[in-house]
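The structures considered in this document are given below.
Below are two complexes that have subunit A in common, paired first with subunit B and then with subunit C.
What follows is the complex of A and B.
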């Protein structure tokens, strides 16, 4: 990875490599390498959970010039969605794809063997080898992938199944309890690679579309709206849930919609380049007849 | 002689307070084990452990994230405005860290300056703060630099020291604190002790001087590329206090409310013309750091930070105040 990054910078293919580094606080997070001499700052390990694709649409990082970005399988899918939605051109960015063993959940308690467990979305991941990237680094044989059938019963899918087994009232109570902690800091939105709107509907104040108040009503409005806006778009990278200071399982809302998109429309976001966005397209073969 | 109370007695105290219609806030664990300060209606779920790390700040019990200021109703050609009632309950907050409690004396002058903020002041007057002296620190703690310590009593009505056997030494510092524990403690010759204070590393005068002289330094942009511009740092900060006033409801009737706002959001300073005087995330970080370490102390003679480290703990990119101060400290040493 460092070699690739160094070569790209030395040859002038890119101006900045957005990758993972050991930060001054001891955590692993985004570093912005613009000089060949600094490529040693880049690291790759099982703490690289942040989705760095979020920086591709930030104006502060655009100023740094042509970017290369270190991506995992899920992050690569986010970059493909950005391309499919005409927000970036894949020919203008260099995606350094890392074969991913799954990331450690640094917020969880140690498991029985004294290690941090993987994020449960990593346990069920089907994208350990990034696709549509410019380089794939790592041993593809060591990805330790669960079969889709097995994955569907574990990790985040199991967490969702537990929710779905509840009665509607129980489920509403559960979400009310979770959303009561939301402070509307918008960490979910800001960390999401696909929340790139120039003006978010939550920021519209002439007139106000969603209460800015962090009341249960305002919190439901915001979180449900965001989930719907990510329907058929979310790639399940988990950046929203990881960033939430209130520890709300936002990924479950998005997972429900992603499963629906796949089941009803055969759509898996970011899997293929050139796919029309699910919400932004229609088919005459649609099973609902209102469309014809 | 010291005064002792057991954890079970503390839980009974909470139950009694709740029954007597007193609002009680304390750390409560979620399913996943993370603790948050929340209002409780029974003592069962409360975590009363001096070592508990709590993810949110106690500020929302003094300066709620959402608060009604007044209501309005349109009648014929007139608008009738009714003031929101002043907070008149009693509330007690348990399990507060000294760095959180010490934010209250920092905020007091702000809410009693040109405008006497009755919303804050009534909550402050009616609240008893019961803190736990710290039993450990983590790498994000820097209370020593900000004049605090693991057993700092500032802002606390009572400070409890964990004796390690399910009991606590109680020290009270105000009439409210004394009244709360009156007749509930037993005498003992045992005394508690807080953990060691984090090392002091910062020269705040030099940092303040650097901030004042480097408004346009490229550092602000260069060192903040990783900030994604959410408000988690400001909303978890016990001293950040910015708010927005908005009207909710319809043309016919509604309410005017005060909601938390964050200087880290681009919308915070966006002008109606479309111009944004703080157009980059670096400029917004500069504002936050300058406000805490230069602007506020110039006005109120106290830093707007207690070194609690909440901002860095909640930050998805591990930024926050201390990493920024360290970067500035490096700059001050370069010359």
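What follows is the complex of A and C.
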């Protein structure tokens, strides 16, 4: 990866490489490499859970010139969604795709063998080899992919199934417990590669659409809005849930919508280049058994 | 109307209807001019098109005390703006699932296509929803959680 990044910078193909690096805090986060001499700052390990595609739509990044971004399978899908929504052009960015073994959940407790477990969404991930990227780095044979059938019974799928087995009132109580911890920091929005509006409706104050105080009223309204604005778009990278300081299980909302999009419309966001956005298009054959 | 109030011990459901200006609103108007009686429990909010009906409005209605919500617009193919109702339909398919995962009672969210000529269908459907909501009782789940 360092070799590819160095080569891209040396040849002038790109002006900046956005990759993962060890930060002063000890955590792994984004580093912006503009000089060949600095490519040693780049790292790749199982702590690289951040979705760096989020930087592509930021004006500060655009000032740095033509970018290369280190992406995992999920991040590459996010870049494809941005391209399909005309936010970026895939020919203007260089995607360095990393074959991903799944990321370690640093918030979880060690498992029986003393290691940190994978994130649930990484356990069931079907996109460990990034697609639609300029280069694929890593051994594609070592991805330990679960079969789709097996994945559908594990991890986040199992958590959603458990939730859906509850009664509506139990679900509502469960979510109010989750959302009661929300402090409206909007980290979920800031870290999402697909939340790119210049002005978010949550920040508009004439009229106030979303109650700005972090009461259950505002928290429900905000989380419903965030989830639904990503309907048919979310790629399940989990950047929102990872960023959430309150540990709210945002994956379940995203997964509900992603599963519905696939079931009803055969739509998997970011899987193909050039597909129309799900909500921005329609079919006359869409289901309407619930409409009188 | 007045007799039913006594029978149910005073509970009168509040049903908020978000309707399209070009069809259901006129359908309701037709029901009125034809003297078709329908329950006064329904509060109509007129919008330009079902495609304009933001999902936030449904959430807001439940926050504000609605016991049920109706969204109604033009039949597929009849949209005044060509395709607003097709876009709306796709959005509702997804939004209903989200509400279900959140535990918001989807038995209280109704959708229909009612044209300007279907005054009778409007009367019938509204009566049906109000009766169904009356049986379900007041919707306190979401309202109590978000308003305390």
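Rule of thumb we're sticking to: the second predicted complex is superposed on the first by the 285 of 292 C-alpha atoms of A that agree within 3 Å, B and C clash if a C-alpha of one lies under 4 Å from a C-alpha of the other, contacts with A are read in each partner's own complex, and residues count from 1 in each chain.
Following the convention adopted for this analysis, a contact is a pair of C-beta atoms (placed from the backbone, for glycine too) under 8 Å apart; a residue touches a chain by one contact, two chains touch by 3 or more.
Everything quoted here is computed from the prediction, not taken from an experiment.
In the superposition on chain A, A:242 contacts subunit B only, with no contact to subunit C. In the superposition on chain A, contact of A:151 is made with neither subunit B nor subunit C.
Contacts of A:36 after superposition: neither subunit B nor subunit C is touched. In the superposition on chain A, A:135 contacts neither subunit B nor subunit C. In the superposed model, A:170 lies in contact with subunit C only, and not with subunit B.
Of the two partner chains, subunit C is the only one touched by A:253; subunit B is not. After overlaying the two complexes on the shared chain, residue contacts for A:227 are found with subunit C alone; subunit B is out of touch. In the superposition on chain A, A:160 makes contact with subunit C only, while subunit B stays out of contact range. Comparing which residues of subunit A touch subunit B with which touch subunit C, the overlap comprises 215. On the subunit A side of its complex with subunit B, the touching residues are 23-27, 29-32, 50, 54-55, 58-61, 64, 107-109, 181, 183-187, 189-191, 203, 205, 208, 211-215, 218, 239, 242-243, 245-247. Listed in rising order, the residues of subunit A touching subunit C in the complex are 160, 163-164, 166-176, 209-210, 215-217, 220-221, 224-225, 227-228, 231-232, 252-253, 256-257, 259-261, 264-265, 278-284, 286-288, 290-292. Subunit C meets subunit A in the complex at residues 55-56, 59-60, 63, 76-77, 83, 86-87, 89-98, 100-106, 110-113, 125, 141-142, 145-148. Within the complex formed with subunit A, the subunit B residues making contact are 30, 32-34, 36, 38, 55-56, 65-66, 139-140, 221, 224-226, 228-232, 234-236, 244, 246, 248, 257, 259-260, 262, 265, 267, 280-282, 312, 314, 316-318, 322-323, 326-327.
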